Amino acid sequence: MIIDMHGHTNAPPSLYAYKSRLLASRGAHGKGAPNISEEAMAAQVKNHLENNLDKVGTDVQFLSPRPFQLMHSEKPERIVHWFAEACNNAIATSVKLAPTRYRGVAGLPQCSGVPIQNTFDEIDRCINDLGFVGIMINPDPYEGSGTPTPGMGDEYWFPLYEKMIQMDIPALIHSASCKDPWDTYSNYFITTETRTIISMVSSRTFDTFPNLKIIVSHGGGAVPYQIGRYRAFFGRHFAETGGFDVELKKFYFDSVLYNVEGLDLLYRIVGTDRCMFGTENPGTGTYKDPKTGKMLDDLKPEIESISWMTDQDRKNVFEDVTRKVFPRFKD
Amino acid sequence: MIIDMHGHTNAPPSLYAYKSRLLASRGAHGKGAPNISEEAMAAQVKNHLENNLDKVGTDVQFLSPRPFQLMHSEKPERIVHWFAEACNNAIATSVKLAPTRYRGVAGLPQCSGVPIQNTFDEIDRCINDLGFVGIMINPDPYEGSGTPTPGMGDEYWFPLYEKMIQMDIPALIHSASCKDPWDTYSNYFITTETRTIISMVSSRTFDTFPNLKIIVSHGGGAVPYQIGRYRAFFGRHFAETGGFDVELKKFYFDSVLYNVEGLDLLYRIVGTDRCMFGTENPGTGTYKDPKTGKMLDDLKPEIESISWMTDQDRKNVFEDVTRKVFPRFKD
Amino acid sequence: MIIDMHGHTNAPPSLYAYKSRLLASRGAHGKGAPNISEEAMAAQVKNHLENNLDKVGTDVQFLSPRPFQLMHSEKPERIVHWFAEACNNAIATSVKLAPTRYRGVAGLPQCSGVPIQNTFDEIDRCINDLGFVGIMINPDPYEGSGTPTPGMGDEYWFPLYEKMIQMDIPALIHSASCKDPWDTYSNYFITTETRTIISMVSSRTFDTFPNLKIIVSHGGGAVPYQIGRYRAFFGRHFAETGGFDVELKKFYFDSVLYNVEGLDLLYRIVGTDRCMFGTENPGTGTYKDPKTGKMLDDLKPEIESISWMTDQDRKNVFEDVTRKVFPRFKD
Amino acid sequence: MIIDMHGHTNAPPSLYAYKSRLLASRGAHGKGAPNISEEAMAAQVKNHLENNLDKVGTDVQFLSPRPFQLMHSEKPERIVHWFAEACNNAIATSVKLAPTRYRGVAGLPQCSGVPIQNTFDEIDRCINDLGFVGIMINPDPYEGSGTPTPGMGDEYWFPLYEKMIQMDIPALIHSASCKDPWDTYSNYFITTETRTIISMVSSRTFDTFPNLKIIVSHGGGAVPYQIGRYRAFFGRHFAETGGFDVELKKFYFDSVLYNVEGLDLLYRIVGTDRCMFGTENPGTGTYKDPKTGKMLDDLKPEIESISWMTDQDRKNVFEDVTRKVFPRFKD
Amino acid sequence: MIIDMHGHTNAPPSLYAYKSRLLASRGAHGKGAPNISEEAMAAQVKNHLENNLDKVGTDVQFLSPRPFQLMHSEKPERIVHWFAEACNNAIATSVKLAPTRYRGVAGLPQCSGVPIQNTFDEIDRCINDLGFVGIMINPDPYEGSGTPTPGMGDEYWFPLYEKMIQMDIPALIHSASCKDPWDTYSNYFITTETRTIISMVSSRTFDTFPNLKIIVSHGGGAVPYQIGRYRAFFGRHFAETGGFDVELKKFYFDSVLYNVEGLDLLYRIVGTDRCMFGTENPGTGTYKDPKTGKMLDDLKPEIESISWMTDQDRKNVFEDVTRKVFPRFKD
Amino acid sequence: MIIDMHGHTNAPPSLYAYKSRLLASRGAHGKGAPNISEEAMAAQVKNHLENNLDKVGTDVQFLSPRPFQLMHSEKPERIVHWFAEACNNAIATSVKLAPTRYRGVAGLPQCSGVPIQNTFDEIDRCINDLGFVGIMINPDPYEGSGTPTPGMGDEYWFPLYEKMIQMDIPALIHSASCKDPWDTYSNYFITTETRTIISMVSSRTFDTFPNLKIIVSHGGGAVPYQIGRYRAFFGRHFAETGGFDVELKKFYFDSVLYNVEGLDLLYRIVGTDRCMFGTENPGTGTYKDPKTGKMLDDLKPEIESISWMTDQDRKNVFEDVTRKVFPRFKD
């Protein structure tokens, strides 16, 4: 079975027109609703299944909200909550329309400058009521606007980690938009993923939460490629416990890298038993390489082309690790 | 002829999903386009003509962008420009689809903290290329976020006033969103309209620009109702030139007040020769009063119910003043 | 009996020289005193009675501190307290000098950024020791300097509301100075009054405090004139309970409008049973209209000229509502 | 002849009530006037001459505005100008009422964050029209509110220095209020005087403006007492030109120290040929020492008690240096 | 015996290279160590004893960290702690190498914006483990960077005062660096010492903590020289208890003034029973006066040259007061 | 010949004690000097040659200042200049002591918030007077303190690019310290290198400056590993000109990656003709892997172990590309 654990909401424009209205009114009209028609939603799902999943042979895709749309740095807090709910609802509808093909991963209504516990009601709703299988965490709800967010190894996040362990749900690390005028949201993903790993390793977060399951998107940012630097940096402190590699292998990683050299390096460095198949299809990588004519996010053939990987390595990536990390995923 | 000079874009959700995408990407994907289909647009126009204009007997409506959507305080500047253009384009399409029923009033790509001249290219495009008949000015592109914008009587605005006079176009004063956590955009309209009048009167702007045509939305904010206060306040300074009333009558006003007592007071205070019919239909006032069963924005019967008004008074409001102020409006 | 419930301190320049000294020293000299001589005070009172009250037929005037002088945004907090006390003391002296003609309304030593409870000692002193009949609240102790003050519907104010109910005293809503470089204090009164109503209606404050008595100065800011807008805006949410009009009629209003059209509209919209006579004489309206030769704040004849008002309507305004709202006022 | 070159405005409370009104209105009422009656002013002058000057044997006193009242950090700029003008006018009236006993020293309408040239019109008015003999400079128009003002050796001040030399007028260094919550204006005088000397010495300002005449109030702040520290600090850099003492003796100093040990030290360190008699009577020092029964600001006997001083030393202090530094002072 | 109670660490460059590394890494490398070799340290001590203490006849010097190096305003807090510990350790090494000649005074790891209690562990370590005899307090851990630190009379400092009394240790008041671009650290010492006295006198801190022992460096800043000003300012408030002089004599002072006129004034004003010998040798005053050829910090001959001082006066300064204030100092 | 183009100053602690002193005094003592003795310097060089270069077979190393020490965000600007000069001088001394083994790469005295031209004098001095062969640019002189620095594709940098081309010198991109409390300087290197590439590609900087030579440290940050993401992101815009790969190959890269998988990926993605040998020995990578017993920065054997590389590939990396990019390097 091919499980693509990194996909995002497919929804008609009404969902984002709703967001636009929330931002324009700053919530003055009350919660309202995105008014997504059933037909529009069904058309989206049908199209997505046919043109994105079936074409590349994906059996199941996990859907989380489009991260860069989540507007975590906007105020007042209620509009962030309302929009996160609307996104999660749209995902729930997709799952309902094609229950064998989708699973939900909850986007959190994170807000800059407030306790992480404010997201718990929506986690409960998504996991318990909507049947979602995991959550997605934005390591910087300030969205690169200049105020530093506590690192992922800081106590700010501990109540969330406790809740994740208690509910046995993993989290996908994925930042949202980026308001730094000299950066882009897409590049900021990589920065924040790298920082997440470094912060959690520095703070020895897994010593406190050994059962915590953190999946770092996009192949772990810059870390596997730059691992020599971190081996040296942390080796001095953690030599006795096995060094940086031991710590790094406490994280999980997806395969949203879009180039075979990167995937090859990732699997060599962290091992296939920490990696999961993910494509974000359709998303950033939905681009046809003019030279090869292939879609960059059609990653299955790329993975299959890595000659040193065993069948179990591939099964790890395509199915086993995901099943292990997401115990709420049942066929 | 009944001319409603205060209407806003009717557009399918795609327009606002486009805005949402610009905000999420902060322009990193380039300009792109809202992808509004011709069918969607035609359906909108048809529906609007039938259910909004025809029902209440409006012959022509002037369309400007939905003000609260214009996101003037967002950065980088280019996404503000792109969205303003998209809104103006949607209006141009409406006008093209129903050329006898609509005219365009350009939304400006105003940005907080930059010269007003940055809007001039879009003014030229709208007036010269798209055939629009006026513009809409937001007196606070910071959108209530705490940094004070120069008052409308300040030199900051003078290049725009010169351009308006040179092109013989009037401007509708209408603020956008409001980020003050304790206010609402709708209420902020009234605040900024009041402040516009006070700032321009204080600075004696019309002494410098006697041919400037400024239309204050929503019946002039609080000014006509509170006129005694301003008569006293300014009377001490301007007594020799006729006092506050003389200054006030250099502005124009629309009738977007939604209650007959307010309209009555407005016409008494400023005279029907400074007032124009406007409804914002559909908009804030599109609400059926549960007691009367009437739509609040169906203002024509309200105006016709004011017994002291002469036929010419009514013609002033419904047609003549608008024709005079908008010379680019031709049948 | 004609009761003018909106008058302000008459005091010799020494009171304001005291304020000036507090600001210059920032309290470094200790509390000190304004050193108002008894003769100076007696002369002020005599002059005020003769030239302001007697001339227009006012029997009793309620005196509160000159709002725009209260310097609530200044620091340190103690100088704000000292000056508020001095103002209230000057009022107490007036009342003592002419006990049948004056009553005191306490100015509060509100300070930006501190709990509202810090004003309670002064409230107790004024009501219990000095025999005042009510208080005056500034909805924005930041005085328009850019930091948003919690809206009047926010919990920040609840301890004060509880205290008011417990002591059975009403509050006059009246802002102080305005430091926004593009606004004026006089205009900011209107803005903050409007916002007070909108904030309290939005938060349904009167559901929590049904016995709270709030008097909105200057005829309610912009609200009665713009009521159509708010009927539509709130009607969607409160339709079941009677809509915006029902909520609006939970407030009280004064008549400091200075023009008969405004008064007429106010009484029609909210009813004379929510309105009180007030003139702020001498104050903003103490201006002789060059055309009519009448003082703008001589409002009694204006009110008497509204033909549709019954005797009871006028008695409501001139006496009955004030008596009802200020139970501590006894002849 | 005894010339006391450091006195401040004596004015009735109306002057400060005017300031209070300017702050309350932020200039919204226009310039207005302090409305000081001639009688009040004459009474002040008479009282001051009798009880302050005659009693201690002062022949002539130079009057500058009360520094701590000058509100240089307030906005908008126009209210700072208006109040400085009013203070200077009050001084001019004193001089007019007692032309043999007073001379004027102009307070400058300095404003934080604007060019020093904005004060030039008022300098011209005071020197040329009102016949004043010098000016008073506040080294920190931000009044200790946290934003650093360029040091007195910085180019910011050079246009003023050029003007002073061109008009042949000296300046008294004297800060105004202090908004630092943990300091007092009175103590801040000393801090800013010390910093003025250090900044100008560090920048070698007198190399650029050898004819500049700067009088440091209150005996030069902390510098004469701490001179060892500065001799060491600057000696390393300026040894070749004579060290810190040579630089220090390019300044002038007044005698507003209120204790004989301080005066003794001052005259020893800087020499009597750089020192002038000043008392600020009435002011800070107008305090009767409970042990001695003497007024602290009665400095003449104190100076006369310093046994090592020659007649010429005393004449330097009481008359000659002041005559030399203020060439516009004529009998 | 000559006890110089104001000396600072002598350490090889490695100590400051360590600081530089902490600032560069912001603590990312962990605590590390300054790696000061024993030989380097011994050479420093030998040289200091021979060339600084022996030459001028000092028997014992108390060493505290070089204040301007303490970087209290830097973040994160841990690097401030680590460097303070390293400085104190270097002092402890000096004391160990020459136990009859040195004593330690602990530099505190003060950090801007955190409770003063965060320094307690280091106080305990220095006093209890390293045998130090007192502590040094920086009144402004923000180091002049614009945010005001609570005055020394504020409750912020009370826990420290309680601890000092409980442990019977005195504190030397001495600020660190100064980030104000228009000031210097050396001058800021004087400013903050002056402010310390004024703040504690204003707050009557010694009423609450009568046994608190505070030593103000550099002869008390500007206070003794400007005492007339403070006598007047505080006399009005404290006359009944003896006035400012009584309050001032609750502090102790050192003699780091570098000029005999200043010392003479200091001893006259506060009495020799509140003064201690201190030189900061080597430090700011280690400068040879080109005229006299004497080192400015060779203060013993200067003090001995003051003719009015008795033998006991000199013994007070050179030995007795220090012994009394530092009871943990034993021969 | 083996040329290691990425080494940093070796200097005795005095250099950093000098920095520490500059920060403590904020320049108040003047420029001063680090006082590095010739012996200390010679010992450093001898040790470095023997233990770092000779041991691993490096023939020549290019030395630039230790980046994380450069304190570009500190104020005032002059201390940043003085320290950069001292670092460059220390490098010049090394080169002088071992002219066949070292070359200098100038650290720039970049300061946050000032024009890049302020660094030109030091560039001239280093290249023309000291014979250095290139420069090092910090893309973020604010050092991660929250204020965004213009991206490397912004016009802010153009004068520097013009100067580099005119002088025919390349620049090594390398950030300095990082003040973000949740990041580390070492990790921030990677972030800023990635952003440099993205900014310059987005702005098409090489279209304007085709001869500009930019070397991105540490193997290009995250870019080669994440190249699929950027191919997709930029492919849409630059497809016609060859896409992201063509743009990426306009940069040069060093080999400071410390793990063979990373080096392998780098050479595959960008080609050996854009890569240079660099080790930063001694530096971050000077760490002995406990498992292998090898030093992580001994990269030559790692590179030689990549089996697919040809002799020319290795010669490219070890010598040819460096010679081509640094034309001022002569044997």
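Should a chain be cited, it is by its letter among A, B, C, D, E and F, assigned in written order, with residues numbered from 1 in that chain.
Following the convention adopted for this analysis, a contact is a pair of C-beta atoms (placed from the backbone, for glycine too) under 8 Å apart; a residue touches a chain by one contact, two chains touch by 3 or more.
Worth saying up front: this structure is predicted, and the values here are computed from it rather than measured.
J.: What is the shortest path, in steps, from subunit E to subunit F when you may only step between chains that touch?
T.: Counted as steps through touching chains, the separation is 1.
J.: Please decide if copies subunit A and subunit F contact each other with the same set of residue positions, more than half shared, or with different positions, and reply same or different.
T.: Same-residue interface.
J.: Which chain's centre, taken as the mean of its Cα atoms, is farthest from the centre of subunit F?
T.: Relative to subunit F, the chain whose C-alpha centre sits farthest away is C.
J.: Report which of D-E and A-B is connected by more C-beta pairs in contact.
T.: D-E
J.: When the centre of a chain is set as the mean of its C-alpha atoms, what distance in Å lies between subunit B and subunit C?
T.: Measuring from centre to centre gives 34 Å for this pair.
J.: Return the distance between the CA-based centres of subunit A and subunit E, expressed in whole Å.
T.: Between these chains, centre-to-centre, one finds 56 Å.
J.: Distance between subunit B and subunit E based on Cα centroids, please, to the nearest Å.
T.: That gives a centre separation of 67 Å.
J.: List the centre-to-centre spacing of subunit C and subunit D in whole Å, with centres computed as mean CA coordinates.
T.: Averaging C-alpha atoms per chain gives centres 43 Å apart.
J.: Indicate the residues of subunit E shared as contacts by at least two other chains.
T.: Each of 28, 181, 184, 186, 233, 236 in subunit E touches at least two other chains.
J.: Can you name the residues of subunit E that touch subunit F in the complex?
T.: Going through subunit E, the ones touching subunit F are 12-17, 19-21, 23-26, 28, 66, 68-69, 71, 75-76, 177-179, 181, 184-186.
J.: Under the touch definition given earlier, write down the residues of subunit B that touch subunit C in their complex.
T.: Contacts found on subunit B: 146-151, 154, 180-184, 186-187, 190-191, 194-195, 198-199, 202, 218-219, 221-222, 224-229, 231-233, 235-236, 239, 243, 257-259, 261-262, 264-265, 268-269, 284-287, 289-290, 296-297.
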